[in-house]
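Here chain A shows up in two complexes: once beside chain B, once beside chain C.
Let's turn to the complex of A and B:
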């Protein structure tokens, strides 16, 4: 096993989040009833003329910039000819000679080391209809026909399935943050094909590769590649040869299954699509798109770190696009961002997860959140208080002050009052005080509990803790 | 060589999904060869610049297109066979 090298390349198809399809005015949507989002162009009727959707071009440029690609400023589309019922025209409109972007890369980080995964090209094309195969018939839904796709092709430069996974995760993160695609593998808006060949370490020439089609999840990409490599090595060890072929990964059986041997490339007979004129991308357009690219995960990680968030909180925020977007709107505010992230990732996230909603579905306004963060960071609200008022904060149109008033939350933050409370509890619990002075730290917790109880939960715990320790230290000194 | 091989003609037929008889095969070996020879001649012409007809680009500027929602009934009426809202075609995969 160990004297073989793996060579891996990945092809990812992303459905772009444009309002309309790539060449027609039909809505680009997922989940509608079959054949309701279609017109003559999507169906490939004779004599219709595709029209280039500008929004799709702009999304393609945005992706090219983010993936560090060079941009083809004068590009055209090509026809890729093949027969299949999901493609009634008999050809797919795609880009072969002038992909919108080429020679790019994505950086991944593994064990503290940054690696570049090189991208050979990214190109725009139309999706085909969706087929559902039954025993004796196939059913076609053309809602997907003409949905804009961006195909992102890496060079065969990956030598480890784990790097393939890190690349896919990074790509997904980037495309989500830039609002290019919603990247849902389960809905098919992100699809991944992988190809892999193996060869002996001492051999320079690459062996025939095997393509694994439509892998269902990023974690399955690793499993499928590992398994496919193992199968190939076994064949070479048995002196069998390998023909270029397409397989699929069966995750239940953990093995790859042959689909077909490859037809030769020329059979697609690519030629320039004469129905779509050249597309010219001027610098002005490219620059204005560049300006509108939001903060991307790597930059966000750096900013979060600078603002004092730890790595765990940073990553948790970045993994939750809507929370992160909300959080980012406070980056320039004078608030305690660590408290803000703790609130978002703690009580607020659990509330949202429980109801399966996002922060945009709540009544939490920017101002309300700022007041909440300030009150928590200056200790006027305890974590208990936050739990008590959170539902109202998220569900009611009232301001934070109104909610606090309505809930009757009045915390004792007056230090004289707190000091009296602490004194009372100390004198009533001499045994625990002695325990503490003899080094039993747990007695402190008990005393804290007693003080909170005496205040009916209204004392500010941080302040109580400070006063209590001060008083106990004083006693220790005097003993 | 003044005709294509049988394999070449059969390959073209396969790509075009047409069935041809033995007589047709012999006929196409000659006639397709003539067409291919013309294409070879055209390929000799040296062209510079645009491979597409560029004047069309001025009448079709990039534009954002607007919504349309279709009526599946009208569309399905043109299909040979349907099932619910779906267009039905002969099965296209081999079941394992």
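Let's turn to the complex of A and C:
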């Protein structure tokens, strides 16, 4: 096995998050009843012509910038001709000669080492209808026909399935953060085809490759590539030759299954789409799109680190787009961001997960969150207080102060009262006090606990801590 | 039988305005004429719809010159709720749910669609003999072809069934039948008229245009159908009165004649008549020169490559799945495609799809299509260059007059060679008009006036001048119907 090198290339299709379809005014949506988001253009009726959705072009430019691509400033569309029931016009409008972006790359990090995955081109095209096959009939849903797609093609530059996985995760993160696509593999808004060939280490020339179509998840991409490589190596070891072919990955059986051989190269009869004139992308347009690109994960990681978040918190936040977006709106505020991230990733995240909602579905406003963070960081609210009020904070339209009042969370902040409390505990626990004075720091924690207990949890811990230490220091001095 | 439809548009308009006649009178007369005609000019006659529309209009104020006028629409222009066949069995059952942009525009003018006219199948042909609905006869001699592909239009305008028609021109499909039938037909600048709703033949060449009895009425109809459309990315911004130069003197006009247009492939009678016009123009103060256009002699093969390549793709949508003809007794999806397209398309259409598919296959797309686009561009530039020195170019529209029905049916190149003088105009995206200039053996001869892009108004100026000077009797009915 180790005598062989793998050569992998990936093709990713992303459905773009535009309001309308790429070449018609129909709504671009997922989950509606079949054949309700359609018009004559989507159905390829006689005499209809495509219109051009500028929003889709802008999303394409944004993706090109993020993927470090060069941009074709004079681009056109091409027709890819073939017959299939899900292809209403008998051709797909795509980009062949002048993809919107080319010669780009994505950086992945593996074991502290940064690697570039090279992208040969990214191009815009229309999606096909969705077919569902039943026994001896096929059903077609044209809601998907004309949904804008961005196809992202890497060079055959990947030599390890794990790198393929890291690339896909990074790509997904970028496209999600830039609001280009939902990237939901389970809904088909992100689809992945992979191709792989293997060859002996001493051999320079690449062998015939096998394409694996429509792999269902990123983790399956690794499994499928590993398995397909294994199958190919076995064949070469048995002196069998490999024909160019398309296979699919069966994850239950963990093996790849032949779909078709590709000896006769598909003749798609590409030619420039005469119904769409050249599209000219000027620098002004590109620059204005560049300016509007939100903070992307790598930049966010750097900022989070600067603000004192640890790597685990950073990554947790970045893996949760809506929490991260919410968090990012406080980056310029004068609040304790570590406390903020702990609150978001702790109690708030578990509340959201339990109800399967996002932060946007709650009543948590920016102001309310700032008060919450401030009250926790100056210790006016204990973590138990937070647990007690969180549901109300997220579900009610009230301000934090109103909720605290309503819940009867009254911290003892009167220093005389606290002083008395501390004195009582000190005189009742002389042994612990002695321990502390002899240098056993653990005793302090015990004393704190006793004071909080005596106050039924209502004492303000920060103040108690301060008063306790003052009093103990005084004792030390007097000794 | 009334004869309001023999009057010119201004006379009809006066009668309507004075309420001496009603729209219903015009529509009834048109229907009667069509029903009594044996030219096979119509595929669908919209009798009930037209009469209903006419009755609605009878109570309305006459607000423009085209108000209430019957119009025929070539059957490759989509009309809502009116069967639209493109002359093919493939669409014999197709009832569109939408209107072409031009149909919306003529509806805005309150014109009355009287019916859908016969045509070569999917506009592929130049004699109207490839129609699934049978050939159209030439009103001047019923043993002759009317030309094509807008043959039904030319025949019905010529024989005065209706005064206005909308056709389409990919390589000469408006101008060549206009020449054969003695009518006026204009192919506008590519992009002038929205193609939305025109069933595509060759997208980079197709253009809808007006077909009429005379030059003024042609300009009037062009006024009505020119408007930038949000539905067609190739449509251009346009707002002008195309009749505005009609009646002006032509003294000092500089006119070029491409040498290709006086070569010996053209019938002597046609050349002689054309030379008479040239003399007339010189006599009236125009200057005439002979010019060379690069690659113009290669226009037929260039056209075949571009038009058939595009057609093979445009006609792929007719697969029997969503609309149109679907073969019965099929085993699987490939069988559905194979049988539907074998049975639904006629021979000429299938031949063109096959040739076009071949031309786009594999390496061929570079060898043929992409090279043809480059040469076409060079030809266009050569044309544009001439317009630096000349106001207009002129030449005959066709190499022959109308020929016998059923002649040369075995020669697949015949229909392309018929268009050898009209194709260069489509290749260069220019506007051009054919108008009658005389007769050869009682069959009309047409000449072509070619303008620079967007210069239709100047074409109309010269056309109307010639028309007035010649004052030909262009009614094929002669004294027969008197």
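Observations on the model:
Methods note: the second predicted complex is superposed on the first by the 420 of 479 C-alpha atoms of A that agree within 3 Å, B and C clash if a C-alpha of one lies under 4 Å from a C-alpha of the other, contacts with A are read in each partner's own complex, and residues count from 1 in each chain.
Basically, a contact is a pair of C-beta atoms (placed from the backbone, for glycine too) under 8 Å apart; a residue touches a chain by one contact, two chains touch by 3 or more.
This structure is a prediction, so every number in the text was calculated from the model and none was measured.
When the two complexes are overlaid on their common chain A, residue A:91 makes contact with chain C while staying clear of chain B. In the overlay built on the shared chain, the residue A:267 is in contact with chain B and with chain C.
Measured by the number of chain A residues touched, the leading partner among chain B and chain C is B.
Once chain A of one complex is fitted onto chain A of the other, the partner contacts of A:55 are limited to chain B, with no touch recorded for chain C. By the touch criterion stated above, A:34 is placed in contact with chain B alone, chain C being left untouched. By the document's definition of touching, of the two partners only chain C reaches A:44; chain B does not. Once the two complexes are laid over each other on the shared chain, residue contacts for A:139 go to chain B alone; chain C is not touched. Of the two partner chains placed by the overlay, neither chain B nor chain C lies in contact with A:152.
Of the two partner chains placed by the overlay, chain B and chain C both lie in contact with A:83. By the touch criterion defined above, A:69 reaches neither chain B nor chain C. Chain A uses residues 43, 51-52, 81, 83, 85, 138, 140, 267, 269, 272, 274, 277 to touch chain B in one structure and chain C in the other. Residue ranges of chain B in contact with chain A, taken from their complex: 15, 17, 50-54, 56-57, 60, 62-70, 72, 75-76, 83-93, 95-96. Of all residues in chain A, those touching chain B in their complex are 19-20, 24-27, 33-39, 43, 51-55, 57, 76, 81, 83-85, 131-142, 257, 267, 269, 272, 274, 277-280. By the touch criterion stated above, chain C contacts chain A in their complex at residues 76-78, 84, 86, 91, 94, 96-98, 100, 195-200, 202-204, 230-234, 309-310, 312-313, 315-319, 321-324, 333, 337, 357, 360-362, 365, 369-370, 373. Per the touch definition, chain A reaches chain C in the complex via residues 40, 43-52, 79, 81, 83, 85, 88-91, 138, 140, 267, 269-272, 274-277.
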